[in-house]
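Two complexes come next, and they have one chain in common, chain A, joined by chain B in the first and chain C in the second.
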Partner chain A sequence: MTANTFLTSIYGSLGQGLLYAPVAIGIYLSLRIMKKPDLTIEGTFAFGAVIAMTMLHHGAHFMTTLIVAPIGGAAAGLATALIHTKLKIDGIISGLLVTMALFSINLFVMGRSTISAPLDTFIFAPIRAQLAASGMQSFHALLWSYIIVGAIVLVVVIAALYFLYNTLFGLSIRATGDNERMACSIGINTDGRKICSLIVSNAITGLAGALVAQQQSGANVNSGTGVLIIGLAALVIGEIITPKNASILTRLLFIALGSFIYFSCISLVLITGILSPDWTRLLTALLALLALCMPKLREAIFKKRAVEIK
Partner chain B sequence: MISLKNVSHVFDNGVEKNHVLKSLTLDVPEGQFVTVIGGNGAGKSTLFNVIDGNLRHTSGLITIDGKDVLRTSHSARAALIARVFQDPNTGVCPELTIAENMALAYSRGKWPLFQWAIRKKDIAFFKERLAEFDLGLENMLRKKAALLSGGQRQVVTLLMATLQKPKLLLLDEHTAALDPKIARQVMGITKKLVDEQKITTIMISHNMSDAIAYGDRLIMLNLGEIVMDVQGREKQALTPAELITKFEA
Partner chain C sequence: MKKLKTLLAVALIITVGVAGLAGCAQDDTYDSTDDTYDSAQNDTPDSAAGTYDFTVGILSGAHIPAFELGRPGFEDRLTGLMEAEGLRVQFIYQNAGGDPAMSTTIANTFASRHVDLIFSMGTGASQQALPVATNAGIPLVYGIITDPVGAGLVTDVSTGSSSALPMETQIELLEELTGGTLNAENRVAFLYTTDEDNSVASLGRLQGVAPADTIVPFGIPANGLDHLQQLFINIAADPTIRAIYIPQDNQITGNMQMVQNLNRSQNPERRLPVVVADLPIVAEGAIASLSVDFSANGAAAADIAFDILVNGTWPQTFYSPTAASLSLYINATEAEAIGFVLPSAMADRANRTF
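Up next, the complex of A and B:
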C-alpha cells in the first residue's frame, strides 16, 4: 500500500462518512433521544434514494431532490409514528410494516426495479467540474466533490437540529423520551412529540438516501439494505469517543466523526487486500458489535486495574 | 376554589364492579392545605388520578375556579394542576440538566414552543430559587438530574411544581420513599413553598403525625367515602393515637 492509495482511501472514507452521517444522526434521534429503535430507517433511506434518482432521471434539478426526498422520508416517518401512537402497535413492528410497504411504493415510483440518471445531473457535478477545471485530477475531483457536498449538507442538518433541540419544543421532545410520565404530567402532548421526532429523523434519513444514490449513480429497491447497521456502527463508534457530559452539538459532531472512522476502518481493511469486498457486511457487523461492547470492555479492564491497585 | 360534586369512579373489569369513589363531595377553598389519610383501597390515589385526568369515565363534576376539569384537554389541565409523586424518579428527567428540567416546568401550560429553552435571566431566577434551600443545588444547575439523591429530586420536583403557582398542588405521599430525616426536611420545604404562595394543596400521607402537623384541614377516606373531615382547633387537638383508633373503626 503506497502513501497515495492510503490518502485516496482516507478521502473516500471522509466523503462516505459525511454522506452517511445523517443516517447515524437519525438513528441517534430515535434510539438515544426517544429511547426507541426505529426500523423505518432502511425503508426511508431507499425511499429517499429512489425519489431523488427518479426525479433526476426525469430531468429535475438536483436542488429539488434535496427538498422532495426529505419530505418523502418525513411521510414515511409520519406513517410509522401514526401506526405506533394511534393504533398502539409496537414501534419496531410499525417500522417493519412501513419498510415493507415502501418496497412496493419504491417499485411504483421508479416504474422498474432499478433506475439511474446521467452523472452530470448529480449534485456533485458542478463542484467536481469546478475542481477539475482548476487542474485537479479527475478522480480526486470526484472524491472532493463528495466531501464538500457532504460537509455542507451535514453542517446544515446539525445546525438545524442544534437549534431545534435547544428550544422548549426540542426540550419537550427530549423529556418525552427521557421520562414520559413526567412529560405527560406537565402537559406535554407526548404522542405529538413522538410523531415529530420520527418525522425529523426520517426526513434526515431520506435526505441521506438522496445524496448516497447520487454518489452511487443509481438507486434500486435494495438501496436501503444494511444502512441501519452501518448507521448504528457509526453512531456507537462516535459515542465511544464522545466526551462525557457533551452537549447535543458536540454529540452530533462526534457521531459524524464516528461515521468517518467507520468507513476508514472498512476501507483500510479492504485496500490491504486481506478480505474481498464480499466481507464488508460481516466486517460492519463485527465493528458494530465491537463498538457496542466497548463500554463493558472498558469497564471490565478498569475494574481489573482497580482490584490490582488494592 | 376546588369543588368536587358527587364524584364517583368505578373500576369495571367486566366481571365485577368496584366502586372506588362513592359520590364524593368536597369543597376546598382557595389557599387551603388539606391532608388526606386512609388505608389501602380507600380511594386516595384514585381521587388524585381522577382530578389530574389519569383516569377517565368518572361521573360527577370537578371544577377549579368554576372550570370543569373533567372535560378539559390534558394540557389545559396540566396548566392548572401540579402533582408530585411518591417515587422520586417520576418527577424529573434524569438525562436533562436541572436547569432544563426547571425550564420545562417553568413553561408548563404555556409552551412558547420555539423559544430558546435556557435563557440567562431564567438561569439566574432558578439559581435564586434553589439557593433558598441551602442544599447546594444552585451550583448543580448544569448537572444531569440523574446525579441527584432521592431527597434532592423531591425538592427539585416540588420547586418545579410551584415555580409557576398552580391552581392546585397534589402531593401523593411525596416523602414516603425518603429516610425519616430527609423526609422531615422535605416536609419543611413543602410547607415553606405552599405557605409562601398560598397554594391550594391536597396531600396524601401515610404518616399520622404529618397529617396532623401540616395543613389546615384533615380528611379521612374509607372505601371511597369521606368518614372524617376536621379543621382548625378540632384538627390541632387530634393525636396520632386517636386517628389510628378511628382508622381501625
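Up next, the complex of A and C:
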C-alpha cells in the first residue's frame, strides 16, 4: 500500500462519509431525540434514490431531484407517522409496513427493477469537470466532487436542523421525546410533534438516497438494504466521540465525523485485505456494538479509577 | 376481547377451509393434467385455449436482460417449429421479479391452468418450479442456467439448455486484449459478489484453467455497492492488473454504469479494459464479451421442448454451449473513451460492435 493509495482511500471515505451522514442524522432525530426507532429509513432511502434516478432518466435537472426526493421521503415518513399515531400501531411495525409498501411503489415509479441516467446529468458532474479542468488527477477529481457536494448539502441540512430544533416548536419536539407524558400535560400536541419528527428525519434520508444514487450511478429496488445499519454504526461512532453536554449543533457535526470514521474503517479493511469483504457486515455490527457499550465500559473504567484514588 | 377471539376463530376456520378446498381442487387438476399430457395432441385442457394445440407456461426468475432475450428466442423458435407441423401454441408469461415465493406461486398457477410444459429461466426459478412440475407431471424445460447438474435440475421431468461458458475461451479473449499470456506481470481482476453462487462457481472455473495466481478476486458482499469505489482504488494501485473480468453477476452487471464511471475516472494509464460474461452488458460500458447468445440459448431450449411435446422424445442430455456457438460483442465507443486500442483482428470478427 503506497501513500498515494492510502490518501486516495481517505478521500474516498470522506466523500462517502459525507454523503451517508444525513442518514445517520435522520436516525439520530428519530432514535435519540424522539426516542423511537424508525425502520422506514431503508425504504425511504431507496425511495429517494429511485425518485432521483427516475427524474434524471427522464431529463430533469439535478437540482430538482434535491427538492422532490426529500418530499417523497417526507411523504413516506408521514405515512409511518400516521399509522403509528392515528392507528396506534407499534412504531417498528409501522416502519416495516411502509418499507414493504415502498418496494412496490419503487417498482411502479421506475417501471422496471433498475434505472440509471447519463453520468453528465448528475450533481457531481459540473464540479468534477471543473476540478479536472484545473489540472487535478481525474480519480481525485471524482472523489473531491463527492466531498464538495456532500459537504455543501450537509452544511445546509445541519443549519436547517439547528434552526428548526431551536425554535419553540423544535423545543416542543425535543420535550415530547424526552418525556411524552409531561409534554402532553403542558398542552403540547405530542402526536403532531411525532409526525413532524418523522417527516423531517425521512425527508433528510430521502435526500441522502438521491445523492448516493447519483454517486452509485443508478438505483434499484434494493438500494436501501443495509443502509440502516451503516447509518446506525456512523451514529454511535459519532456519539462516542461527542463531548459531554454538547449542543445539538456539535452533536450533528460529530455524527458526520462518525460517518467518515466508519467508512475509513471499512476502507482500511478492504485496502489491507486482512479480511474478506464478506466480513465487513460483521465488522460493522461489531463497531456499532463497541460504540454502543462504550458508555458502560467508560463508566466501569472510571469507577475503578475513582476507587484507586480513594 | 371475546368478540375478537370469536372473530379470529371464524377467520381461522375460513382460511383452513379455503386452503383445504384449494388443495383438493389442485389435486384434481394434477390428475387431469397427467391425462392430458398423455393425450396432449387430442384435446387441450384449458377451455380458454380451445383453439391451441399446446399451452406453454414461461416463468422468468427476474427482470434481467438475459431473460428478456431468452424469452423471445424460445417463443419464436417454438412457434416456428409448431407452425411447420401445422400446430398452434400459446404462451403464458409470468415474471417472479427475483422473489422465490413468487416463483412457486407462478409454477402452481401454471399447474392449475393445465399447461403442457413449463419453460423456466434462471437457476432459482427452475429449482422452485421443479417440485410443482414433478408432482403435476408437467415436463420442465429450463434455459440460461450455469450449472444444471449442481443445481439438481437434471431429473426425469426436467431438462433444458445450460449457459455455462467454456472458460478457455474467456482466457483466450483476455490474453488477446492484454496482448500477452497471463502471468505474474499480466493479471486480471475478477470483480464479483462474494455470495452469488454463479459468480463463485465462475471464479473457480476460470482460476482452474488460468495460470496460477493470475485471476485476482475482488469481491463485494450482497448490497455492497458502497465497497466498489474502494475496490477500484485497490485495482488501480496494483500495476500487474491489466484487465477487469465480470462474470454473470446480477449485482455488478445491474450497476455497470458505476463500474464504467469509476473505470473512466481512473488516471489514464489505469483505465482498464472491462470484459463481461453477458453480451447485452457490453453496450453498458464494457469493452468486450465472448459469450452465449441468450436468444439462441432460449431457442435451444425450444428445440428440446418441441421434441418432448410433439415427437414425444426425451433428450439424452441437456444442451451445453460450445466455443463455436459463442458470440463476440465489442464496444468501440467505450474503448475510445478509456483510450484503449482494440486488436484489429477482434474488430473484424465481432458479431456486433457498439
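The working rule: the second predicted complex is superposed on the first by the 306 of 310 C-alpha atoms of A that agree within 3 Å, B and C clash if a C-alpha of one lies under 4 Å from a C-alpha of the other, contacts with A are read in each partner's own complex, and residues count from 1 in each chain.
Operating definition for what follows: a contact is a pair of C-beta atoms (placed from the backbone, for glycine too) under 8 Å apart; a residue touches a chain by one contact, two chains touch by 3 or more.
These figures come from a predicted structure and were not determined experimentally.
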> For the three-chain model obtained by superposing on chain A, do chain B and chain C clash or fit?
Replying inline: fit
>> One more residue to check, A:271. First (chain B), second (chain C), both or neither?
In response: second
>> Tell me which partner touches more residues of chain A in the superposed arrangement, chain B or chain C.
In response: C
>> One more residue to check, A:16. First (chain B), second (chain C), both or neither?
In response: second
>> Once chain A of both complexes is superposed, is A:104 in touch with chain B (first), chain C (second), both, or neither?
In response: neither
> What is the contact status of A:178 with respect to chain B (first) and chain C (second): first, second, both, or neither?
Replying inline: first
>> So in the superposed three-chain picture, is A:166 touching just chain B, just chain C, both, or none of them (first/second/both/neither)?
In response: first
>> Quick check on the superposed pair: does A:189 touch chain B, chain C, both, or neither? Answer first, second, both or neither.
In response: first
>> After overlaying the two complexes, what is the shortest C-alpha distance between chain B and chain C, in Å?
In response: 11
>> With the touch criterion stated at the top, can you tell me which chain A residues are shared between the chain B interface and the chain C interface?
In response: none
> Hey, which residues of chain C end up touching chain A in the complex?
Replying inline: 62-63, 97-98, 194-195, 219-221, 223-231, 233-234, 236-237, 254-255, 257-258, 260-262, 265-268
>> Quick check: in the complex, which residue numbers of chain A touch chain C?
In response: 1-2, 4-5, 8-9, 12, 16, 20, 107, 112-114, 116, 119, 137-139, 141-143, 216-218, 220, 222, 225-226, 230, 263, 266-267, 270-271, 273, 276-278, 280-281
>> List the residues on chain A that touch chain B in their complex, please.
In response: 166-172, 174-175, 178-179, 181-189, 245
> Inside the complex, what are the residues of chain B that reach chain A?
Replying inline: 52, 74-79, 82-83, 89-96, 100, 103-105, 107-109, 111-118, 144, 160
